[in-house]
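Letters A, B, C, D and E name the chains as they come in the text, with residue numbers starting at 1 for each one.
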Amino acid sequence: MSSVSIHALNIRLGAAPILESLDLQVREGEFLVLLGPSGCGKSTLLHSIAGLLDVDEGRIEIGGNDVTWADPKDRGIGMVFQSYALYPTLNVERNLSFGLRIAGVERHEIQRRVQRAASMLQLDSLLDRKPSQLSGGQRQRVAIGRALVRQAQVFLFDEPLSNLDAKLRAELRRELKQLHCELGSTMIYVTHDQVEAMTLASRIAVMRAGRIQQIGTPSQVYDTPANLFVAGFLGSPSMNFIDGELGPRTDDQVSFIAHRLQVPLGLYPFLQCPQPGRKVVLGVRPEHLTLQPPGEASGHGTVTLVEPMGSHAIVWLDDHGRRLAVQAPAGQEPAPGAKVAFHLDPARVSLFDHATQQRL
Amino acid sequence: QTRAEVIHWWTSGGESAAVKELAAAYKAAGGTWVDSAVAGGESARAAAINRIVGGNPSTAAQFNTSKQFHDVIDAGLLNHVDDVAQKNHWDKLLPAPILNSIKVKGHYYAVPVNVHMPAWFWYSKTAFDMAGIKEEPKTAEQLFAALDKLKAAGVVPLAFGGQPWQEKLTFDALLAHLGGADLYLKVYRDRDQKAIQSEAFKQVLLSFKRLKAYVDGGAAGRNWNDATSMVIAGKAGVQIMGDWAKGEFQAARQTAGKEFGCFPGLGPRSPYIIAGDVFVFPKTSDPNAIKAQHLLAATITAPAAQVAFSNRKGSIPIRTDVDASAMDVCAQQGLQVMKDASRHLPNPEMLVSPDIAGVLQDIITKYWNTQQPVDEVVKAIGAAVKG
Amino acid sequence: MSTLTTGLSAARPALPSRARRRRTTTPARWGLYAFLLGAAAFFLLPLYVMLITSVKPMEEIRLGNLFSLPVKMTLEPWAVAWAGACTGLQCEGIRGGFVNSLLIVVPSTAVSIFLGALNGYALSFWRPRGGQWLFGVLLLGAFVPYQVIMFPLVRAFAALSLFGTLPGIVLIHTVFGMPVMTLLFRNYYASIPAELFKAARIDGGGFWRIFLQLMLPMSLPIIVVAVIMQVTGIWNDFILGLVFAGRDHLPMTVQLNNVINTTTGERLYNVNMAATLLTSLVPLVIYLVSGRWFVRGIAAGAVKG
Amino acid sequence: MNRTRRRPVRLHRWAAYTAMLPMAATVLLAYVGTVAWSVRVSMSSSRSLPVDDFVGLAQYSRLFGSDRWLLSLENVALFGVLFIGACLVLGFLLAVCIDQQVAGEGALRTVFLYPYAMSFVATGLIWQWMLNPELGLQASVRSLGFEHFHFDWIVSQDKVMYAVVLAAVWQASGLVMALMLAGLRGIDDSLWKAARLDGIPTWRVYLNIVLPLLGPSIATAVVLLSVSVVKVFDVVVAMTQGGPGVASEVPAKFIMDHLFGRSNIGLASAASTVLLLTVLALLAPWLYARQRAARREAPGGAR
Amino acid sequence: MSSVSIHALNIRLGAAPILESLDLQVREGEFLVLLGPSGCGKSTLLHSIAGLLDVDEGRIEIGGNDVTWADPKDRGIGMVFQSYALYPTLNVERNLSFGLRIAGVERHEIQRRVQRAASMLQLDSLLDRKPSQLSGGQRQRVAIGRALVRQAQVFLFDEPLSNLDAKLRAELRRELKQLHCELGSTMIYVTHDQVEAMTLASRIAVMRAGRIQQIGTPSQVYDTPANLFVAGFLGSPSMNFIDGELGPRTDDQVSFIAHRLQVPLGLYPFLQCPQPGRKVVLGVRPEHLTLQPPGEASGHGTVTLVEPMGSHAIVWLDDHGRRLAVQAPAGQEPAPGAKVAFHLDPARVSLFDHATQQRL
């Protein structure tokens, strides 16, 4: 139940700067999801919060106390390592209980908590295996369990569910959310799974190359991405981007004009006054493109590829050299090669400056 | 209570038996002998000195009759036994070389235990018979002639162990027997450069090197007793070695005069090199310990103990006024020689410091094993004895 | 060499057992065994000479037939070596020091390995300031012949009243074992994933906990090596035992040395060999049983990637 | 520079500092103190016992005036190179071979290790006998009919060091094997799987992957072997007593001779000081490089 | 370009049987995705195909040859290990090229292939790092690269993309598919990501506890799961299951009857004749439930939770103790607590026997 705040954090590994004057405020009891491309510094950030890396510059506070140089064990942290880091000579039960024994927790309390974590993680039958006798996903679960049995102030999860099957992942997601509510701990959670990010996060922070690009609620980040990078990073398949420019103001509204495409922007909440003629990029998510009868069409394209996803399908269109992904309900996909019309929902687009890549 | 802890390096079977005689004599005199045997002279001396330094000295400790313990005397770490020496008239009793070693600035700091003669000649009767050698060589020429005959007969003429100390011992034997006592003393005692540069000395060096021709190819590094075994087996003719070699012959159940022969030098006037062992008495003010030290000094030098000890040890007593009848032929011969003080010759370690002795040993061993010209050796010895 | 290298290519520790059985006939495997047996022959030849020498009577040894089997085999040298050889006034063989040797070797080995592991652990994972320098100096100290610095040590031990006592000899072995033990463990810990240490820090593990509960269990193979080294070294030590142990604690090797080392006394080679072989039995037993602790993959499953 | 700010001393390191106290005490008292003492002695005229006069560098000039010392240094250099090289190669090969799940692993390991357990006083004698041309291998092979078989290293001025190396390797390579074996056993099995899949011949895996991974073990072995090189004494004394002549003299024997037999601890201390300085000169750059490498690999002292 | 076929494979690790008389035929050039819960034996299966594990019983053929006891290197296999198994002492470039060098591939051919793999995996700038200097995702990419540079007959991928961000994952997915088309190699691919499974697979095999439960095309497996386990395992959130029984035959059609719910099964393709009164479980995926005006409703429920997923939302309903997940388009979610009606598409349901759990 502690806030975590990071001020102007700099970390270098070897010669390379990994985190550069990074600022981050995580509120008490918040569930912050960290997103970012592989190698952007997420694990590094978690390690520095945990006190496992020496900070080059900057300050880290947990619960209002400066812990920049405090001992990891004094920070009240539970952590799941991306590489698990299980104790190879201890069996699963011991791996889970190691921290508790150290903390001198009562014997039956230890047993209770280990039991609980084990059953939640479906490890009950594996308690006396050594890590080397477990499958990848089982190891990962032990790593999670080791963090969960601790009643820490702050939990750091580094891709904790990445090697689990979807079903188990969904269950654990729910359990984690529940646990979060129960304990009220602050959680910082790295994941690459969009569903996890969207369902778990109070806020999402998107990182890129050691810097935070945007931080906000899931819907803020998803619906109104702060820049092209964030827009492109979230969502699968990624947002469609269309280069074009702002047209002249007509009827008190500007439009987006591109080759064979015009989108009225009357409903678009500009952050600054739109300058006609400015080069911009329009972004629209596949689910905001719909395949429609030609009457209401925003444009036309040829179907190049259909990817069925079970619950829906992704239809890839070629609109005169522009590649667009459209989400279609399962069972209503056109066949590849078909010429189709599509409709673009003008209320759900994002606009970015072509030069600065920032949201307009 | 006179309890004496004695550090010594007499650990082999015969030596143990010899020590037992001392211990028994000591016990008979009312003392208790506490035995601290450490094999190897260097180890034993190191242990003794470390015990002294550590403040926990033994009652007595063995050294060689030499200058080895003079540093310890200088450091004031030894008790003297002047009382015992005076009472027993050591000055008259003991051979001069021994006295010179144990008496420093008028005080007696050690008690001699025995006399070893390091330069005896041992030969195999079978080998001599085979080579047709009728009698023991009396001169250098005869010696080399005998070696030649042995060689011709197909045996190894000289049983030799190629270890530095054996090489040095052989050299000293030649210096004493071929060069004579005078040259020997001039070189070692007086460190007389002229003597060292003399032709006589050079001849000794050359004769020494000449021996190499009579040595087999496996000599390098060989232990002395392995060389003795060659004599015992009749594979080799002669060995120049201390009187302790007798023990090997005895162990092989050979008797002097029957299977093997011994002679202490070339000819009837040959010098007799005196070496041996002493006990020193580490400093202590504990009156009991001092009493024990004195008692030890007195019992050890007593004639009966001397004979008993030497019979076991293969050495001869430090005094000649003893009953030699129980001794073997070689020992009797040695004791006989000892009676003539003019034939006494101190061993080199009594004359030079251990340090210089070591350097000389290095020079000799290098000379023996390499093609070094003799002039260089002379020069090196000259430099070495200067210190 | 080429047979060797191809010999290796077919065989691997992790080979499925049945597949291995099927491959035992390959020429490569033969090459492997040929090399091992050749090496074993090289290593065993001196032992063979020792053994046959130890059962020959001295007469036969004097004949100098080094490799020939004894004509008249005798076990007496062994009996003499164990219980009859003279080691000074007593002629009770080498058995006298056996208990003393055990009394010295057990605590000395334990303490020196424990401290070495502790130092290595602290240096590898905690990196205290100045630790590397200290270690450098310590390592350098390993190169000092200890005989040279014996005097001050003797004085210091005397001042501490440790000279000639059992704790004294344990301490001196610990001191002289420390450089190598520390090095051994420090370098071993260098190959243990640092993440494990980090995880333990997060779990609240302090210095000692992590050491005792995580690192020591993971050090098994190197502990075996350390035990081999220390047991051998301390068991065979002679000069330190002689100087520091005191009369009442003289180890077996002092007796052994008294049996086999002599300047002017006669040498009973057969007894010497028997005594040497007898003395080395304890380390040999350690070597033989240590195998099961040379465990494979002790850190397996710890980290991914 | 962002590194200039000193890190605050962290409380948690106290345990580490406390644990290092025995080591610090050992280093300071047992090593630094005594070595300083022996350096002091090396500048005195001490003989059997230390005295505290001051003779400057006299002992050193005598030392370097001594043929035997200079020869010892040459010998030990040759010995060191051959011995360390041979032990590493043989030890590594033995470890690798033993690690192939061979039958009788325990017995073989003991066979390779046993020389290490034997006092060299006795085994040195055996080697002396075996290498003796009149008594040992040469004689035996000749008696089998190979009249011209020649193996007399131990009595040859030029080759005696090789004989010493042979016996020393015989004694020490088992320990190297044990060290390497411990290292080999720690290597993750999945590496082997990957390599087998890649079709990499086992010897290449050993050469390109395992060998570098054994770096720390090899470093340990090298230091261990170096220590025994610098201190090599028993082997020489037991086998050759430094001979023939002074052909196999080594520094440690020089030191022991002067320490005990020749009662010149001043010279012995000077010799050991020179040895130590030589080792320092060889060791320091290596330690320094390692430390820098370590700093680079674990940036900011990851903990 | 080799088929893989496995006959009656038994594998035990320790005492436990991990794979039990497993049969699997993978056709030449096929892209088989292996799905299954954590610890079910997927990695074990791959390892045994690769020859890294001792087979207890059974036979493995690759390209028609019995390779049960062949050496791994003779099987023409490229593999990505779940635990990466990178060579720690070699840098990235060497890790990628090591196998090729050994195989004696020409120097510039090596360079070409390494270049290609590196740029595909975005590792170009990391080529001379050691594995220890890489982030988790970067390591995983190196592991993929090491397999890809080999032109193997059979590729085995063990969760190769699990630690990568969604964007990179999508790109690599596409690249892998392309590579598969180019090389025509047979691929066996373990994943927990449903999108990967659906988009990549020619066929999907679902495993459970060492046995294969169903094998078929993605849509077969998704739309007509062979048993309850498969039905529940695929899809996220999982299929809704409703216990009930078959009603009497009326109008020549049977219906499914449950508490307050009746579904006509006229269009259901029964595998065997339906026996009225039989206890069955009806499965329906969230995307086949729609929130509708009450008129056409199949049932009613109270909204308990809404999980926005970006492109859509999952609405959890409570229908008198039955928990149902419904997929709703983003922006059209009802508020928690609202009473809503839902429609169930009878054409898209699955029916399972209650006792045998097999599809009817």
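One rule holds in what follows: a residue touches a chain if its C-beta (ideal position, glycine included) is under 8 Å from a C-beta of that chain, and two chains touch if they have at least 3 such contacts.
The chain lineup, named per UniProt: A, E = ABC transporter ATP-binding protein; C, D = Sugar ABC transporter permease.
Everything numeric in this text was worked out from a predicted model, so none of it was measured.
Chemist: What chains touch chain C and also chain E?
Modeler: Under the touch definition, chain C and chain E have A, D as mutual neighbours.
Chemist: Using the touch rule stated at the top, which two chains are linked by the largest number of C-beta contacts?
Modeler: C-D
Chemist: From chain A, which chain is the farthest off, judged by mean CA positions?
Modeler: Here the answer is chain B, farthest from chain A.
Chemist: Compute the centre of every chain as the mean of its C-alpha atoms, then state which one is farthest from the centre of chain E.
Modeler: B
Chemist: Between chain B and chain E, what distance separates the C-alpha centroids? Give it in angstrom.
Modeler: Their C-alpha centroids are separated by 93 Å.
Chemist: Using mean CA coordinates as chain centres, what's the gap between chain A and chain E in Å?
Modeler: From the centre of chain A to the centre of chain E is 22 Å.
Chemist: With chain centres taken as the means of their Cα atoms, state the distance from chain B to chain C in Å.
Modeler: Distance between chain centres: 39 Å.
Chemist: Roughly how many whole angstrom separate the Cα centroids of chain A and chain D?
Modeler: Chain centres of chain A and chain D, defined by C-alpha means, are spaced 56 Å apart.
Chemist: Listing for chain C: what residues touch at least two other chains?
Modeler: If we look for residues of chain C contacting two or more partner chains, we find 14, 64, 147, 151, 198, 201, 206, 238, 257, 260-261, 297-300, 304-305.
Chemist: Taking each residue of chain A in turn, which ones touch at least two of the other chains?
Modeler: 13-14, 52, 71, 73, 82-83, 133-134, 136 - these are the residues of chain A that touch more than one other chain.
Chemist: Identify all positions of chain D at which a residue touches two or more other chains, and write them in rising order.
Modeler: Residues 12, 125, 134-135, 188, 193, 196, 201, 213, 256, 259-260, 301-303 of chain D touch two or more partner chains.
Chemist: Residues of chain D touching chain B in their complex?
Modeler: My answer: residues 47-49, 51, 67-68, 125, 128, 132-135, 152, 154-155, 157, 160, 239-247, 256-264, 267.
Chemist: In the complex, go through chain D and note every residue touching chain E.
Modeler: Checking each residue of chain D against chain E gives 188, 190-191, 193-201, 204, 208-209, 212-213, 215, 297.
Chemist: Going by the contact rule set out above, which residues of chain E touch chain C in the complex?
Modeler: Interface residues on chain E, with respect to chain C: 52-55, 69, 82-84, 86, 131, 136, 139-140.
Chemist: With touch defined as at the start, can you tell me which chain C residues reach chain B in the complex?
Modeler: 58-59, 62-64, 85-91, 147, 150-151, 154-155, 157-158, 163-164, 238-239, 242-243, 246-247, 254, 257-268
Chemist: For a test of understanding, state which residues of chain C touch chain D in their complex under the given definition.
Modeler: Touching chain D from chain C are residues 4-15, 20, 32-33, 35-36, 39-40, 42-47, 49-50, 53, 64, 66-67, 115, 118-119, 122, 125-128, 131-132, 134-145, 147-149, 151-153, 156, 174-175, 178-180, 182-184, 187-188, 190-191, 194, 197-198, 201, 206-208, 221-222, 224-225, 228-229, 232, 235-236, 238, 253, 256-257, 260-261, 269, 272-273, 275-277, 279-280, 283-284, 287-288, 291, 294-300.
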